[in-house]
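Common to both upcoming complexes is subunit A, partnered first by subunit B, then by subunit C.
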Partner chain A sequence: MTAQKLKPLFLTIIIILAVAGLVLYLASVFYGLFFILAAVIVFYLYKRMITDKATAREEMRAALKKLSIPGIGILAAIVIGAIIMLFTGYNPLQAYRALFYGGFVKNWHVSILNASPLIFTGLSVAFAFNAGLFNIGAEGQYYVGAMVATFLGIKLGLPPVLAIIIIFLVTGSVAAAYNYIPALLKVKTGAHEVITTMMFAHIARYLSSVFIRGMGGDPNTSAHAYVTDPILESNWLPRFKQFIPSANYRLHTGILIGIATALFVYYLLFYTKWGFEIRAVGQNKDAARAQGISVGKNIFRALLFAGFLAGLSGFNEVLGLNHKLFENLQANYGWNGISVALLASNHPIGVIFTSILWGALNAGGQYMARTEQIPNSIVEIIKGIILFLIVARYIYSYIGNRIKKRRKLKHPAETSGEAAT
Partner chain B sequence: MPEGTMNSAILEMKNITKQFPRVLANHDISITLKKGEILGLLGENGAGKSTLMNVLYGLYKPTSGEIILEGEKQEFHSPRDAIRVGLGMVHQHFMLVETLTVTENIILGNEPGRGGLIDYKEARKEVKALSEKYHLEVDPDAKIESISVGLQQRVEILKALYRQAKVLILDEPTAVLTPQEVDELFEVIQELRKSGVSIIIITHKLEEIKEIADRVYILRRGELVGERLTKDVTQADLANLMVGRDVVLTVTKEAKKITAEPIFIIENLVIKNEKGINAVDGLSLTVRPGEVVGIAGVDGNGQTELAHAVRGIQEVNSGRILFKDEEITHYSTKKMIQNKMGFVPADRQRYGLILPMRISENIVIGYHDREPYVRGINLNLPKISQDSEVLVKNFDIRTPSVDIPAGNLSGGNQQKVILAREFSRNPEFLLVSQPTRGLDVGAIEYIHSQILAMRDKNVAILLISLELEEIFSLSDRILVLYEGKIVKEFDPEKTNDKEVGYYMTGGEKEGAAV
Partner chain C sequence: MSGFIELLNVDLLIATIRLSTPITLAAIGAVICERSGIVNIAMEGIMIIGAFSAAVSALATGSPWIGLLIGVIAGGAFSLIHAFATITLHLDHVVSGAVLNILAFGLARFLLVLIIGHPGTTDSIPVTLGTYQWAIPGLSKIPVLGPVLFNQTPIVYFSFILIFLLWFFLYKTKTGLHIRSAGEHPLALETIGVSVVKMRYLAVIISGLASGLAGAYLSIENSAAFTEGMTNGRGFIALAANISGGWNPVGAFLASLFFGFADALQVRMQVFKLLPVPAEVFIIFPYVATVIAVAGLVRRSRAPKEVGNDFMIEREDE
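Let's look at the complex of A and B:
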């Protein structure tokens, strides 16, 4: 088949177009979007070559349908937000113009900076969810990661790329190890990971205060009272400005690492035997066990890898953005990670987009507050409503599943019909 | 048989159509229930009989059509409306609160008393009177969790009567009962009819229709295909009407002499359940290659623990399991799979399938970590799909694609997915538990023939079933399981269901062991 032979060529074209478009777009060079669109079109053409027209269209439609669910939630939240603003005496049109202009155009780089740590914590929560676990302690693993990254960033004088790779791996590994005890307790005693990881999150949070004072910088030269020494400049993550001059100088490549990590998690979950086992355990541990899959082993793997991912958000913040660790007991990356994971239905690729959305709403909200004097809290309200609608969807699908199950028990005609006819 | 009072119709359903998205569950169905009649509603799973009854009971609104009760047109928005005008329904899965007493369950939602206070004395008296009136003996103070399934069903019936049901709908009432309990239920039904209650029985069991119903409607694929007086019709006729083609009611197995040495042996197996009680209590058995050994027993006598121990997902306290002269008692499930031991679990949705995962994933699971389905750590997805497609075809699994979730399949097709997985791996031993629970005649016929095909391939098969009929039609030997022990062995040719049922319920418990 010629189509099969052309596969590497097509994939190369798609990857080059997508990566180029993505990098440009993320650096506020908005015509990058055309490259992304081109990549999608090439992908569609390729799909049509290897399958027939109807299947390709069907798959596209299925993908769009999947997107429509969160899309409707977001749209509904925007409408409800507008109603709230009308009642409280603000002009919603003005507010939304500022919100979207600020979030997606003017301060797009801020949105991206906001999004990059969320991708990691979001992936962490989403990954654990796939194993049926709720890694509510991602916040704590972020603090652990941030501390390790700061420590190594200050101490590790190696050639730049090598150092960054080492810090990446060690940061993640230590954060993973931080989930060892909760995982052990879960497997051995059944202690719920929600409780244990949450408690561990508190420990890590307050440990960071101690750590910062131990690694202390000079309070006189810093605007911030408690802050560590800065990390070595050789350990900074590369910045977009180094290859795209028009990019904002603060914009670092953490977002690209985040996206690459998301792709890796996607691959791990859906294309490897490990991901297969984790999903099997997450969806039905009894059936998984009856097919020889060890539930305990997979809980261990999942919680440790979730810790690894959440720790990377600390890596991202320290090496990319701040280059030191401030005392900040309200980082909230872990909690927001839960939100973006939920919003993405725990799909690793979805997490990229929901993180950016969250980041953009925050950035846009600040811009709106500054230019239009509309309180930033409206953005929090909108975020709350979006989440509520998404969670409501879970409630809905939970009820739906129960009804389906009940129907299936009693009269399979309605449910089996879809598949059987 | 029918008495003089039953000429007038108490209930009519006229031209009922129920359209679900994509599926027409009921198409233009009209049925009549006469006063004091026992009416059967027969059909395969998915024929639309439960939908029809749920329309009647107010759970669904019909797309079109009307319900007339005692000459008055009714419109039900919820079961509450249906109950108020005198309809009662006993669901297949009982809706009882396990921790409450019989009386509390019966009055729940209709408590006598004033204000917020419940008059328990009055309630108890009413329940007692009711159970005496209809000869439905049950201890009003017993907790639901402590009484048998058969008694729980009585409580459900009493619940409906307490709400003054004139029409009682029974949804698959015998699915969970032992043969003795079925007989008792049928006596109760006759008793109810005598006191003027009209009854509709939903079932897919032909012999029950023959035995208890006066008249039967047969549904197929959402349409009414026939109405018969049961005295004028044979089981074979009913089966043909129901399925729409000639069906073999019981698969015929070729008698053969099995001389091989046992390949699978259990010796003095003891398994404690969570409460510390011996669920399996010194059980011993053997299975030879090419033999189906059927374990008959009432649910809860150690079937689950036995099956799970043989799969390696349940800890064994003492005793040994041997397979091919090797002790496998404490082997992991993985090792059992490597040893070519197949497992068809009783609870297929909990232990058999991962419903949200694809059909292909459900077929490969267990073998997902071996060549050719994995290369290094990468799943070989094209190979998985390809082999799944072949199995879907071979096992007649009706699905548009192997990529849809297993949960979208009907019960019969779900079970076929499990069979495809377990039977295609060239097993030497198969543990098959409740293989046809809740399935319709067509699927049962297919699954039974597949099991016998495996037997003819010289596989040693241990069959656990609560359906005596199934045990009889498949087994070469029948073992009766009671309180965790094998209490009796039978040759299926030389016994009958009454005799087996007697041992299943503890008859001659002592001294009868093989």
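Let's look at the complex of A and C:
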């Protein structure tokens, strides 16, 4: 009984500890980790109080088991990466030391800066996947979002917070509207969204060049060749340095918006009717239709909201990091967003962590290339292998079956005896 | 108005053939693959691998023919991963394809740095297959059609032959029938004692070889080096050509010709500067055409019944 009464108190303590720890940790103040640890311990104690010991332990074990496949995948990729490096004449120990030191300690702020746009595109892809749709063109919606954010950032002179909220909403909405035609074609004609959104991504990519020239980019001058005018300073996202003086000056609060968005998407998907319908359509269209859920309507919702989310990565990059739009035809936020979504098994909370992992690998790779002269494209290989090993999780049971089969062939009597008992 | 007339000459048609060849090759591969029931969106990545290995081996040996061979084989080998992931590991086809595209980007970049020393592009290869342009005596003298169809480079000719060969293979041979059945009713195929797994592996590898050839065309015939991003969405356009062509090699070829024409037209419109608009407005033309073609034609054609679906039989011995 007392445990039930104490519930709000415990929850407040957990949330305060977790948020404080997270903000400090993200701002490269590493003792923030202790706060997060404390939050986990308090959470465990709380679990112990409301349930018995065995159940709490069981739940913890289940959570650990869930994390084991990604863990194995990452470890295996590290080993394979080391083998590749040995064969190509680089020292894997040196490489990994630089990679992890650069990605998780020295240039942690770069990792976070890399991660924040990926959270949005990753959420976008993950959200669409939950509806059984593949938003492969998240990159295009990023360009649209970036264009809108730049346009409004330059033109909109309002009080800071208000302006940022307006830009946030308009950016997302326009990017969502950009997915309207693919959604319409999917529903009306059955044209596959992989093709249509991909083509729309290419279209947006080229239109962004036109936009940049229209917004101050001038190919005839080398100073302003492929970049727009800067946005108003009042429209910049706040930076961590404003309240934590030791933080890197470039580090902006886009990551916090990303995490908040991920929590919102999680809530939307798993705790609302809206999300339930979308997941129902994603799991079995016919069953959903039989239950009176409109498949077409949910395809629209899912693709449009996916566009909204992907557009926000443009918002994040323009208002937070660059404060202008560069012509960058190989930004790759779309592809990396697919990677982080798949790694997280399309779970919105998982996307936060996989985005940070990806961001850290990129940042660490750059650091490694600078300090050890090892090409950072090795990181691309490691990323690809991690992705393959985690996505193809059936590979573990496949290998397991193979081994079992071989054993059976070797000792037929033994295994059949086991089966009999 | 006279400008527009000037656009439409034989050069435009020659460019159409040249620009449609990589799409055609990948698209007829996609036809075989999808008829067997496997969706292959990894073609973009396979083309990258094919283009890269063709260019690098042509650079190393000095012979574009060896480059061609290695490029095709590399494409086939890379597609094996897709076959293994989708058929043996029962992974979702689209997910596997996306992962392979990502892997191909990374692999090409890594090997580029490793072998050439810098990212971006390889050095130019000494002899391209484009220098082996051969006018078929007699036939190439036919007005319009002659220079367009019969004064071409090796892979272009080969793509014409391949369309016929694959059409014949798919519709007139027993193996072709089995491949089609694997996509329509795999269980029935398994019942008559033909392995669905083998048929699907075969189809994915054929598609990989064709996409590898398409990649090789880009890097050692149509240009003289491998450049990152040179595939530029052609793998996806090929997928669209397969769908708009009704999952049929000939239809896929015609659709590819249309996309090649859209591309050729935009290149010439850029050059002629007929309208006072940015060049990008023309560049996006093929992509828009693709969306329109897929949306307009997808209803009229019927997809293989089991395309994209996993096939798993629980055997007693497992």
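Heads up, the rule we're going with is that the second predicted complex is superposed on the first by the 385 of 421 C-alpha atoms of A that agree within 3 Å, B and C clash if a C-alpha of one lies under 4 Å from a C-alpha of the other, contacts with A are read in each partner's own complex, and residues count from 1 in each chain.
Definition applied: a residue touches a chain if its C-beta (ideal position, glycine included) is under 8 Å from a C-beta of that chain, and two chains touch if they have at least 3 such contacts.
No experiment lies behind these values; they were computed from the predicted model shown.
Q: Is A:Ile203 contacted by the first partner subunit B, the second partner subunit C, both or neither?
A: Only subunit C; A:Ile203 stays clear of subunit B.
Q: Is A:Ala191 touching anything from subunit B or subunit C once the two structures are fitted on A? First, second, both or neither.
A: A:Ala191 contacts subunit C only, not subunit B.
Q: Which partner chains sit in contact with A:Ile352 here, subunit B, subunit C, both or neither? Use first/second/both/neither.
A: Neither: A:Ile352 stays clear of subunit B and subunit C.
Q: Tell me which touches more residues of subunit A here: subunit C or subunit B.
A: So, of the two partners, C touches more residues of subunit A.
Q: Let me test your reading of the model: by the given contact rule, A:Gln291 touches which partner, first (subunit B), second (subunit C), both or neither?
A: first
Q: With the two structures laid over each other on chain A, which partner does A:Ile167 touch: subunit B (first), subunit C (second), both, or neither?
A: After superposing on A, A:Ile167 lies clear of both subunit B and subunit C.
Q: If we overlay the two complexes on their shared chain A, which of subunit B and subunit C does A:Leu269 touch? Say first, second, both or neither.
A: Once the two structures are laid over each other on A, A:Leu269 reaches no partner at all.
Q: A:Trp335 contacts which: subunit B (first), subunit C (second), both, neither?
A: Once the two structures are laid over each other on A, A:Trp335 reaches subunit C alone.
Q: Contact residues on subunit A for subunit B in the complex?
A: Residues 271-274, 276-277, 279-280, 283-284, 286-293, 404, 408-421.
Q: In the complex formed with subunit C, which residues of subunit A make contact?
A: Where subunit A meets subunit C, its residues are 88, 134, 136, 181, 185, 189-192, 194-196, 198-200, 202-203, 206-207, 209-210, 213, 329-330, 332, 335, 338-339, 342, 375, 377-378, 380-381, 383-385, 387-388, 391-392, 394-395, 398, 401, 405.
Q: Quick one: which bits of subunit B touch subunit A in the complex? Just the residue numbers, please.
A: 20, 22-23, 25, 45-51, 54, 91-93, 171, 221-222, 311-313, 332-337, 343, 345, 350-357, 361, 365-366, 368-369, 374, 377-379, 381, 398-400, 404, 407-411, 413, 438
Q: Considering only the defined contacts, which subunit C positions touch subunit A in the complex?
A: Residue list for subunit C touching subunit A: 41, 81, 85, 88-91, 94-96, 98-99, 101-103, 105-107, 109-110, 112-114, 119, 228-229, 232-233, 236-237, 239-240, 243, 278, 280-281, 283-284, 287-288, 290-291, 294-296, 298-299, 318.
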